[in-house]
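Heads up, the next two complexes both have chain A, just with different partners, chain B and then chain C.
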Partner chain A sequence: MAVITLFGVAVVVFCLLRVVPGDPVAMMVGPAASAADIAALRAHYGLDGPLPLQFLTWLKAALVGDFGTSITRHQSVLSILGAYLPATIELAFSALLVAILLGGATAVVATLLRQHRTSAAIDALNGVFLALPDFIWALILVLAFGVAVPLLPLTGRIDPSIDVPFATNFLLMESIITGRFAVAGNIAAHMAMPTLALALPLAAVIARVLRQALNEAMVQDYVLLARIKGMSELRLILHEALRNAVGPTLALTGVQATFLIGGTVVVERIFAYPGIGNLAIEAVINRDFPLIQGLVLMFGLIFILINIAVDLTVVALNPRLRHV
Partner chain B sequence: MGAISRRQFVAVGAGGVIASMLMPGSRVFAAGDTLTIAFNVDLPSWDPTVGASAVNPTIQAIYRTVFDQYIGQKPNLALEQGLLTDWGWNKDRSQVWMDVRKGVVWHDGSPMTPEDVVWSLERAGKPDSGNPIQSLWSTVGKFKIDGNRITGQVLSFDPTYFKWMAFLTGYVLPKTYYEKVGAQGFERKPIGTGPYMVDEYQANSFLRLRANPNYWRGKPPFGTVVFKFVTDATSRVAEVESGSSDVTLDIPYEEYDRLRKHPGFAGEATPISDIGMIFITNVPPFLDKNVRLAACHAVDKDAIIKRLLRGYGTRIDTLEAPQYEAYDPTIKVTHDPKLAAKLLKASGFSRENPVKLKIQTTRGFKPKDYEMIQAIVGMWRNVGIDADIEVYEIAKHFELRMAHKLAPAAFYNWGNAIGDPSTSTGFAMFSKSPHSAWKTADVDKMIGPLWGEPDEKKRIAGYKAVDRYIAEQGYVLPLLQYVQPVIYKKSLRVTPNVSGALQPVLIHKA
Partner chain C sequence: MSEVLLGVHSLSVRADGGQRILRDVSFDLAPGEVHGLVGESGAGKSTLVKVILGILPRSMVRTGGNVVYCGRDLFTLPAPAFRALLGSEIALIPQDPLTALNPGRRIDAQLTDGFRLKQRLSWRDAEARAVTLLEEVHIREPRRVMRSYPHELSGGMRQRVLIAAAFALDPKLIIADEPTTALDVTVQKQILRLIHGMQERHRTALVFVTHDLGVVAQICDTTSVMYMGKVMEQGPTERLLAAPRHPYTTALIAANPRHDRPESGLKPIPAAVIAAMRAEIAAGDANG
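Moving on to the complex of A and B:
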């Protein structure tokens, strides 16, 4: 099924790119270019043949792992994706982690205080977080921690003055694993603002859904029984209600995580973070067909993998689903 | 190494963030000897002769920092010695000659030779090279080397051949090294003869350069130069305001004015070789001369510059900016709404019965582009032109222009960093150019002979005559010359560059 989906994505993207306005050759011809120059460039980039032939040529190569050469970067698409994807994975994973922690904590606190006036304040604040999209958070954070109180680095992934070799493109993980904690700290500082920008709206979604589920769970018989046994409210929430409430939240988080990957496009741009989101914008602006095709296929693959992972986790957490 | 516990992991994360904020010692380079530029575009490729980045005028700032051009260019656009110390044609224009500078070495220490120059020229002229202006480089061939002198046979005379040696794709690349590492190897580790050597390059993030100790012009002003690729203008402002970068460019004029008032910053706002214009296509209703001229006379360019661009811009009435060779200040297209209304009336149009047309524009591609077109549409409406605005991406503009399918009016910006009229009026108005929108025989008849005109004075005079004729006919609507704002720390001194290339060698400690 996943293969069919990816094939469908490949066909749609290939056709769309050729239908929508924007010719990569028109983008690169200089003022002195002649008609012959233009024809030569079309041939050079393999854009001169009939569309079905172009697609078959691309598909044949893609099946053996060759996604072509980027028109603007003159490097293989696969190697470019390999260089950029780890940055986005680290960013998205951090954002997801922060969102789960923040959203989860907010939901638990709000449930704990559900009969208190503070609960309404938490709901209102959560509503604000929910209403502001990631790019607005990004701009707020830039102004707050980049300009007003310049605590955090504004752009990039690592300070350009740090001259440390890396064996992989997972800079944060590699720095932690190899014990270069000052470098890891520098990378984490660079990731802090984009991570928060991505995490805050998602945290609000998680908080709202989880709180709703916890509220429903808290009036169930098994919670009542535990309460009669004298269990504290916090223990009731964490040990009894949370496990049952986490299912729908997890499913929704999975869906939202795919949006989170999409959100990296704008956030990475604002923070000049070198991930696939930033790369995607460049590729689209320059009409870099091979790179766009590779990026969309990879986005598709990521979405499929996230959905599979969520399905498996939900089943693992809910024994009833294992026998469906 | 032992396993990391959860507690240790969290501690490392938090501690690391704090450490990085508090420990300036993690910097490797002395801040005083490092220049950090928050740059407005990314660098997609290291080959300055191939692909879209090769014809991107802004990126030339980086290419000129790592590579050298055949011929250099001063900040006022005048040519100067580069890797060629002298050059020219023979008397009958059948041959070119070039003298190659001695004693220049590549960043890997190997000598730069005339063979490198010939190889670069021949490579640029090959049809399969991917060079976007290959046809220009192919006008000279059959090169011969005699000591440090190169001679070549002129296959098709182009008077701008040497000027292009200081412009797009005019770079000398290392023959032996390139052939050894190949195209992709060169992308990974490029070398040139320029003032700075590539130390670390992370695409979409930053480029770190170290001074070339063997640079033929002498020691560069900074030991280390960092280009941070910050494409978002708000983030670039924040970069300099927070002190993370020393210099930035192309920020909104409002921000430029605000930061200039700050005691820690200085600024330069220089007119550069980039103009804003409206292409007029030879389709109805612009086949009517009265309508064309009315459209031109109705526009108050001074008001646009003053009110929308805060005064940052220079009004132009031809496609030549004041710094260009064929600029003629006597060619004027006045703002005269009464005349515009009279011209329209002669063709049967009025405010009550306006002529209708479409105008295309980008939005946010250039400063206030959409707002400018809105203002122009308002000015047109006052005289009897009813224009619908269509917003498009720049990619669509290029495609439509190449297919000669632009709307009757289309906003665009046009760069010409060598200031030669062939690169502005020539390519923008000659019908056989893929970049022209107005395609008629009368203009071709005037421009055609100028392509190969060997007498430079006659050629420039010819272009001035074309510009006057085009203005009289209303074949294009030139608007303004852009001003590039550069903001920097007061501890620095920046020499403005009319070409728009913010080169580190033009930045010094104050």
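Moving on to the complex of A and C:
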């Protein structure tokens, strides 16, 4: 199933790239090149011959892990992806974590206060957060913490003046594991705004769906019985209701996690964060067909992996599904 | 009655629309005794249970009366003190075992809650106590049941687990709201016998809610017959069944299907009895 999806994505992107205007080779060589030079370059990048043949050539190479060479960077697509993907993984995971913590805490507090007037205020505020997309948050954050109160670095992933060797491209993780906390702090500061921009819309969705699920769970008989066992309200929410509310919430918000990955494209661009989202925009501007093709497949693969992970977690969380 | 464990005094409850749900309900319960609450559907039995346990839904308000447990007025007790009573001294056996267990928690977790939270036992000690409890409610393979989730157990098994949970901390008072109506007829009798046996062995006072006068005859020392939120007749069960003083009690006894022949069905309550009773209740409402 996943393979068929990826194949479909590959075909569609391949065709789309060839019909949109813009010739990468012409952009590369400039007006002075001879027709023979251009033809040679086309052949080099697999851009000659009829479309189906081009695709088959690409597919044959891709199946053995060769996604071609970037037209603008003259490096293998795979090595470029390997260099940029870790930055995006770190960003996306941080955003996911922040969104879950923020959304979860909001839902729990709103449930705790559900008979109180403040609960309506939380809902209203959450409604605002639901309405604002990630790139608007990015702009708001830039204005707030980059311009008005310049607390956080505006762009990049790490201060260029920091000159420490890294063994991997997982800069944040590596700094934490190796105990270089000052460096980790600097990276975290750079990631703060893009992380928040990506996390806030997802947090709002999680808060709303989880709140709803918690409200439903809190009126169940088993919560009533637990209350009669003398459990406190917070304990009822965390120990009795939450575990039954997480599954439905995950099933409903799992798709939103893929939106978060999509959001990295614009958000990384705004903060000049060197991840695959930023790379994708650059590749499109340059009509770097092999790179675009590789990137799109990469995004497709990530989406599929997220969906599988969500499905598996939903099953793992539900004792009724777990044993069958 | 010498000593009173639970005293319910002139309890009145209204729905937020103003309708009376409970009308001036009173009864006393001595330690180790069983009080039956009988009445048709809608008589207010569950509402009475909910007021006592402090879980009245928001759509209802208590308009008068109080509940005294061991000399303490439950409604003026601070919330933490009330929570401390719940579970350790007062427990509930619920009506529907299919919904009363948390589907996401294993039986061992749910059954050891009281030991761990109230008695601060370690997980191991709590687990050992829980296994003993399961043996006491005649569950075979208690260790396997401990590791199960509720959906892996039958309704009767779940009700046994809930009974075990109610008796866990040896409370002085257990309230059972129709604990057998959701079960198969064959299981009903076993569960009833189990509750009765446990209650006698632990000397627990019991408020037992039921529709069934046959059940009342078997286990209740004293009984209140309720209709439309009002106690129509109250007294020692033997006297009440042998020589009923209120026409409604007489009609209920006559209407009750015989235990050995449930297919003989319910006889309806005569319309004249109902009309007289409604007039009596309306007169009471006008005075009160």
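In the analysis below, the second predicted complex is superposed on the first by the 306 of 324 C-alpha atoms of A that agree within 3 Å, B and C clash if a C-alpha of one lies under 4 Å from a C-alpha of the other, contacts with A are read in each partner's own complex, and residues count from 1 in each chain.
The rule we apply is simple: a residue touches a chain if its C-beta (ideal position, glycine included) is under 8 Å from a C-beta of that chain, and two chains touch if they have at least 3 such contacts.
Because the structure is predicted, anything quoted here is derived from the model rather than measured.
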{"item": "Clash-or-fit label for the pair chain B, chain C on chain A", "value": "fit"}
{"item": "Contacts of A:299 with chain B and chain C, given as first, second, both or neither", "value": "neither"}
{"item": "From chain A, separation angle of chain B and chain C (C-alpha centres, steps of 10 degrees)", "value": "160"}
{"item": "Chain B versus chain C as contact partner of A:14, first or second or both or neither", "value": "neither"}
{"item": "Partner chain in contact with A:231 - chain B first, chain C second, else both or neither", "value": "second"}
{"item": "First (chain B), second (chain C), both or neither touched by A:73", "value": "first"}
{"item": "First, second, both or neither for A:137, with chain B first and chain C second", "value": "neither"}
{"item": "Which partner reaches more residues of chain A (counting touched residues only), chain B or chain C", "value": "B"}
{"item": "Contacts of A:176 with chain B and chain C, given as first, second, both or neither", "value": "first"}
{"item": "Partner chain in contact with A:244 - chain B first, chain C second, else both or neither", "value": "second"}
{"item": "Touched partner set for A:222, first chain B, second chain C, both or neither", "value": "second"}
{"item": "Least Cα gap, in Å, left between chain B and chain C after the two complexes are fitted on chain A", "value": "23"}
{"item": "Shared contact residues on chain A - chain B and chain C", "value": "none"}
{"item": "Interface residues, chain B side, partner chain A - complex", "value": "1, 4, 9, 12-13, 15-21, 23, 26-29, 34, 36, 38, 42, 44-45, 47, 50-55, 127-130, 132-136, 160, 164, 168-169, 183-184, 187, 199-200, 202-206, 208, 224, 226, 228-232, 234-235, 238-239, 241-244, 392-396, 398-402, 416, 423, 427-428, 432-435"}
{"item": "Residues of chain A defined as touching chain C within the complex", "value": "115, 220-232, 239-240, 243-244, 317-320"}
{"item": "Complex contact set, residues of chain A against chain B", "value": "21-24, 26-38, 40-41, 43-45, 70-76, 83-84, 139, 142-143, 146-147, 150-163, 176-177, 179, 181-189, 192, 269-275, 278-279, 282, 285-287"}
{"item": "Chain C to chain A touching residues, read off their complex", "value": "53, 55, 58, 83-88, 90-92, 94, 96, 99-106, 113-114, 117-118, 149, 151, 162, 165"}
